[in-house]
Amino acid sequence: MRRILIVNGPNLNLLGKREPEVYGTDSLDDINDRLIQCAEDLKLQVEFFQSNSEGAIIDFLHKEAGQSHGLIINPGAFTHYSIAIRDAIVGIDIEAIEVHLSNIYSREDFRHKSVIAPVCRGHIVGFGAEGYFMALAHFAETKKED
Amino acid sequence: MRRILIVNGPNLNLLGKREPEVYGTDSLDDINDRLIQCAEDLKLQVEFFQSNSEGAIIDFLHKEAGQSHGLIINPGAFTHYSIAIRDAIVGIDIEAIEVHLSNIYSREDFRHKSVIAPVCRGHIVGFGAEGYFMALAHFAETKKED
Amino acid sequence: MRRILIVNGPNLNLLGKREPEVYGTDSLDDINDRLIQCAEDLKLQVEFFQSNSEGAIIDFLHKEAGQSHGLIINPGAFTHYSIAIRDAIVGIDIEAIEVHLSNIYSREDFRHKSVIAPVCRGHIVGFGAEGYFMALAHFAETKKED
Amino acid sequence: MRRILIVNGPNLNLLGKREPEVYGTDSLDDINDRLIQCAEDLKLQVEFFQSNSEGAIIDFLHKEAGQSHGLIINPGAFTHYSIAIRDAIVGIDIEAIEVHLSNIYSREDFRHKSVIAPVCRGHIVGFGAEGYFMALAHFAETKKED
Amino acid sequence: MRRILIVNGPNLNLLGKREPEVYGTDSLDDINDRLIQCAEDLKLQVEFFQSNSEGAIIDFLHKEAGQSHGLIINPGAFTHYSIAIRDAIVGIDIEAIEVHLSNIYSREDFRHKSVIAPVCRGHIVGFGAEGYFMALAHFAETKKED
Amino acid sequence: MRRILIVNGPNLNLLGKREPEVYGTDSLDDINDRLIQCAEDLKLQVEFFQSNSEGAIIDFLHKEAGQSHGLIINPGAFTHYSIAIRDAIVGIDIEAIEVHLSNIYSREDFRHKSVIAPVCRGHIVGFGAEGYFMALAHFAETKKED
Amino acid sequence: MRRILIVNGPNLNLLGKREPEVYGTDSLDDINDRLIQCAEDLKLQVEFFQSNSEGAIIDFLHKEAGQSHGLIINPGAFTHYSIAIRDAIVGIDIEAIEVHLSNIYSREDFRHKSVIAPVCRGHIVGFGAEGYFMALAHFAETKKED
Amino acid sequence: MRRILIVNGPNLNLLGKREPEVYGTDSLDDINDRLIQCAEDLKLQVEFFQSNSEGAIIDFLHKEAGQSHGLIINPGAFTHYSIAIRDAIVGIDIEAIEVHLSNIYSREDFRHKSVIAPVCRGHIVGFGAEGYFMALAHFAETKKED
Amino acid sequence: MRRILIVNGPNLNLLGKREPEVYGTDSLDDINDRLIQCAEDLKLQVEFFQSNSEGAIIDFLHKEAGQSHGLIINPGAFTHYSIAIRDAIVGIDIEAIEVHLSNIYSREDFRHKSVIAPVCRGHIVGFGAEGYFMALAHFAETKKED
Amino acid sequence: MRRILIVNGPNLNLLGKREPEVYGTDSLDDINDRLIQCAEDLKLQVEFFQSNSEGAIIDFLHKEAGQSHGLIINPGAFTHYSIAIRDAIVGIDIEAIEVHLSNIYSREDFRHKSVIAPVCRGHIVGFGAEGYFMALAHFAETKKED
Amino acid sequence: MRRILIVNGPNLNLLGKREPEVYGTDSLDDINDRLIQCAEDLKLQVEFFQSNSEGAIIDFLHKEAGQSHGLIINPGAFTHYSIAIRDAIVGIDIEAIEVHLSNIYSREDFRHKSVIAPVCRGHIVGFGAEGYFMALAHFAETKKED
Amino acid sequence: MRRILIVNGPNLNLLGKREPEVYGTDSLDDINDRLIQCAEDLKLQVEFFQSNSEGAIIDFLHKEAGQSHGLIINPGAFTHYSIAIRDAIVGIDIEAIEVHLSNIYSREDFRHKSVIAPVCRGHIVGFGAEGYFMALAHFAETKKED
């Protein structure tokens, strides 16, 4: 069974508890529960990781990359400056999809630039939690093509 | 039945015929045929439009907006400068999803900026023709929530 | 009788129907009707043109320039990038007045720059439909000076 | 009777005496005399002020704002850097119209940016002294709507 | 016989009629007549197209590319922003030469940048109508090398 | 007794009367009365000055610097461009504290840059009138250290 | 009793030991001891945290935010790029005060920009350790107003 | 006898009293006394003016221009932003020489740009008070040529 | 017989020996031999000069300008920064044509800017050695017009 | 014996395993083994540290600085934004050498800027693992000079 | 007797022969003759050098610096980019005065920046050949002060 | 025996004589003598060249490249603008190492950019004369690998 990493960056652990008008009332655990369900339906295995630390995310990517087939990553604020995570994605040579809950292009100017996007296969922005499911479905889809 | 507009901008009529190594071998008609199929499954009605003319795209949006529930748009090169299409999307007040076949963020610098993205609900980049299907599925999804 | 061209760019055909809180409830036809009235009082002849296509606007300018004495133009979104319309105005050698309904200087940064303004005699911004009347009155005024 | 402030910034007291090929041969007093006439016809009262000092203009605005209904301001060179006058206009909460005699958009680059424009209702550029009359007429017009 | 497309962008239909001090007194038809003559001498077939519409130019390029061997294009004002025409030239995979009548590098700053130049084989600037002949001669030259 | 200058720049005389939702309902006189009280408690003498004129502020600084031990300055809009006031502060060689009522860093971009800050000892932003008291307390504090 | 978080970013643990000519000879512990004293006087409870790790600071903010009433933060070098800490402050919805020991505006250009300042209530710069006390006094002050 | 205006901008009245290591120990009066002497030798009449107010400098220029033959101006900090003084110099149509005591090009970046220089005949920088004498000698020199 | 200068800048002496995949296998001497032949056919006299030194090129231009009627210059890397060569071309008042072998607009960003182009009559880019022949033919052409 | 710290930033633990065509086939451990050998020969003691976490690197520098005489640092992606590591190097007052395996100046634009370089004694770029040895040799060299 | 170097950069050997409307009709030799005369009167010895080659100017400066007391340099176009000449002036540690015949601040934008000015004592711009005499007089003046 | 070119750019002939506090007291000849010694030990042959002329450096590179195996170049001020030297290095296809004596990254902003670095194999900055030895050792090292 294909194994997909689902990584969330800083402050995404606050999901559902804070600013629900922006990010909805579902917690990250709620979303992850639904993602497990969905993954099962799609015959995929998912591995979750959330951290507020850039280094921890890189460590996780290094450790898990070998036995995984895809990466869904919402880098949160790291989107805009973590060249280290960018380099990690290139270094582990995995197909990655960048997901953002809100439309970063209708927010502050400094959120319009992703240093992660150029090294991902795809980029899904603005669909809330649905973005993770679209990305997961993509990995199920490409699996079928193998 | 919900009606979704699927608009493709300049040069997308060349799909499949040219640069297949970048854009695949499917023509726009092939993709549209599969989208009709998919739309039927999702109980959605789709209306296609492709033009190399900014004005024709705006005219189409004005004419069709009233009786439609969503817009999937791949603005092609207009992505980067057509403030007129941006204003049209705002003016007709429709939920829009911007789709790009290739990952515009790993191409030339001038392709990293979308003037359309800030007025769309979502932005799907880099999945080839699959992006249209993801967008269509989104409209089916939100319909269920109604 | 002096003949004045009144040209409106993309999305201005939506006037009155959409975003009335920004642009008022009058349609472009309502405004034009009042402009005809006003022109008659001022002993001017007016010729209207609206298009969402840059090329159609340029064609109109080329065709009508010979037998006209002035141009009132609201280029809409073309204001910010249509060097082609700018060149057309220079090419036909007509006295032009640029009109904007809303105050473009209190909107997004990209709306602060007009590529059309440098080749116009005057620039009237922020008075809603009244701007067209001010421009028309100007042509009546200068006619008197002839 | 509505009272309208007409404020001219630095070097506008030189009007008519210097650079007549740019600004015409009318002095500011000549223009003001005609504006008094015009205001009478329009049932408006006008109060003139010209100063080469940013502080004096702000003092005038503060003192007169309470008993006035509108402001016509040609900020001259202050247009391009006087955030203090900008803040004064916001602070006194008056409907303001910015007027420029010449077309600032066809002059040096540094004249293309107005720090005043974003806080005005409207902006009239390039009509010579006629710009003041257009602005005055606007206040007469809106008075009728009251 | 090799077939060469000769495409002129916006406002070039005004050639000879307007601003003769800049562009000379020959009309586009005069130039085209001489180009036909010249093409005959060079054993080339030429196909002319002029439009003020970006979309029409792209449509023409798509339609004609298959049976043509080269493109001479004076994109006029589109030079500076039409990424859509740039993409069309890449899409149809034709050897293109960009021609400008005037020296765009001694005019306004915004005319110094061509978005078309990077996808052309060559770029001929400042020779007036002679530029088209130089480009045509180039295609005759390379034909000989085949 | 140490003598502290408290200087307020343009439009700060409007405090309390205008935009109370931003700046509170206290007038500058109300604040100054409380500052006198506070200064007495801290065994400091305060000298107030407000002007809408850059030149008058510089004149005041030159005149008072000799017999004063500190400067609290809210330069208002001059913050962003008055290099002349900056030079005056350096020229009179006084310990200066820059105070802003509102958080200039969450307002328009042009308010993020202070040309005064680099020549001050400290910079207190966003605490409303309380900022003046914090600055005053600082001077009392450093006095104790003498 | 109100609880105030006092967070110091990278390298602030070196205080007193290194570069005493810039930052004084007090260690962070010395300052904290005095802050405890001061807090007691002001009837406030303080909770200290210093870390050289962006992630650890965010974790601390998330954990402590619920039972705290204010945040005093000297983000050190993170001031200039940690959008993740900025987002954390917004996410936990706490009144925050940014403190810098040195005047960042008279140092290198890259230190003039704070990505944290726009989401804080206030910003105190250049007073050395005294800045923490000013911030603490502010929280005592506002407590009184409750 | 030719009459030359010698205008000094903000903070130049501090000369000799402050920062003598930068600007020398001569006061402005000392320099002016020597300039009177020198002018007499050169058969020139000099008229001095110093002000910290932009408006006062412009007023002086307007008043004196008619009966004067040249202007020596050290605009101090106004050098970098007073477009109003620039416009005044153009408006009164006088031959002007800009003088700076220190070498503005070896100081802060913002001092490298003079908005006054483009409208002066000459620009003398870095010679201390000697710069005024060089400028005066120039006017004596050109007088001889009359 | 008209005399045409043909000047090649730095590294063009390496032609044919190095990077033949970019610049072809012809040496500069091979090209020059063919240019002599061609010039003879066109009744033109050609004078060649190649140097890796900016100063030597300027010296050559000064020396030869008087007895020459045109200049064909490939400034090599000097294209991008030699304002001295630009000034030399203006100073000797000769009709100049700038030639580049490769398409500088599809290479590194710093090669897109020519400081020479604005002072030339024409600019021919991307045709390899053929560019020199096109330029030469131009001079033959204009000779006929004399 | 002099003690030298050798610090490697994010993703450098992947050396040898990934992208061997860029970084060679040696693992970081292989390189470190050789560095130990080399250090012994040079009578130096080396202490290795690699981390993907900015905070951990700073902690290491703080802890080890006291008993160490030099620092060799390859900051990886932190090169481009970690002002915190820059400040740590300044704060611990150690002679530092920055090493990069690849030539960062021939890669993406954002890799051309090092925020670390200005606070290092030297900067060695592009020699692969050899760079560490060059740096180590430097410390041996300077030791001899003591 | 003090020895002063007078160095002229590229194209200044054309003086008097070309563009006399800009630079006057005096040749460089004419000016130099007058400078010798003037130097004699001032008891100074002058050494002239003109070259179109940056390297030759640097060689001259290196060779002559030891036995000279001052440098008057008009770097011509090298003003704007020759960091090598800037470094030479610093390296030979001589008091230098930069002279420009025309007002470089009223010409093209790229002429507004001098890389030489920051390392000179003074900068004299816009006085034609008179600028050399002003500079020479300065050296005579400072000699008296010795 | 491998032959290595050692090229020094403008002003490096001043080494040891001037600014010894920055560059040390060794002359370039002293350094070269030591380099010859070192080269002998390393079984390398070295060929020195220093010039203040860009053209002479390029000529030297062209002439010597054929019989040489490596280049050590300290381009001095040419580092920042000599695209011609950059092109020469590419053109002669030699392995090059760029050396700078001082740390260019802790000096003026304009020294942070090397146009030479992208075409070199390595870049050694800030080690004084030692940098040349490190570069030489590198060539000895790679020789062993042959």
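Every chain is named by a letter (A, B, C, D, E, F, G, H, I, J, K and L) in the order it is written, and numbering of its residues begins at 1.
The rule is simple: a contact is a pair of C-beta atoms (placed from the backbone, for glycine too) under 8 Å apart; a residue touches a chain by one contact, two chains touch by 3 or more.
Here the structure is a predicted model, which is why all the values come from computation and not from measurement.
Novice: Quickly list, by label, the chains bordering both chain B and chain I.
Specialist: Intersection of chain B and chain I contact lists gives E.
Novice: Figure out the least number of contact steps between chain D and chain L, where 1 means they touch directly.
Specialist: 3
Novice: How big is the gap, in whole Å, between where the Cα atoms of chain B centre and where those of chain K centre?
Specialist: 64
Novice: So how far apart, in whole Å, are chain F and chain K when each is placed at the average of its C-alpha atoms?
Specialist: 47
Novice: What is the distance, in whole Å, between the centres of chain A and chain B, each centre taken as the mean of its C-alpha atoms?
Specialist: 24
Novice: Where in chain G do residues touch at least two different other chains?
Specialist: Answer for chain G, listing residues that touch two or more other chains: 53-56, 81.
Novice: What chain pairs are in touch here?
Specialist: So the chains that touch one another pair up as A-B, A-G, A-J, B-C, B-E, C-D, C-E, D-F, D-H, E-I, F-G, F-H, G-J, H-K, I-K, I-L, J-L, K-L.
Novice: Applying the document's contact rule, which stretches of chain E touch chain C when the two form their complex?
Specialist: 9-11, 13-14, 18-19, 51-56, 76-78, 80-81, 110
Novice: Which stretch or stretches of chain C touch chain D in the complex?
Specialist: Going by the criterion above, the answer is residues 103, 105-106, 112-114, 117-127, 130-131, 134, 137-138, 141.
Novice: Which of the residues in chain D end up touching chain F in this complex?
Specialist: Residues 53-56, 58-59, 62, 81-84, 86-88, 90-93, 115 of chain D touch chain F in their complex.
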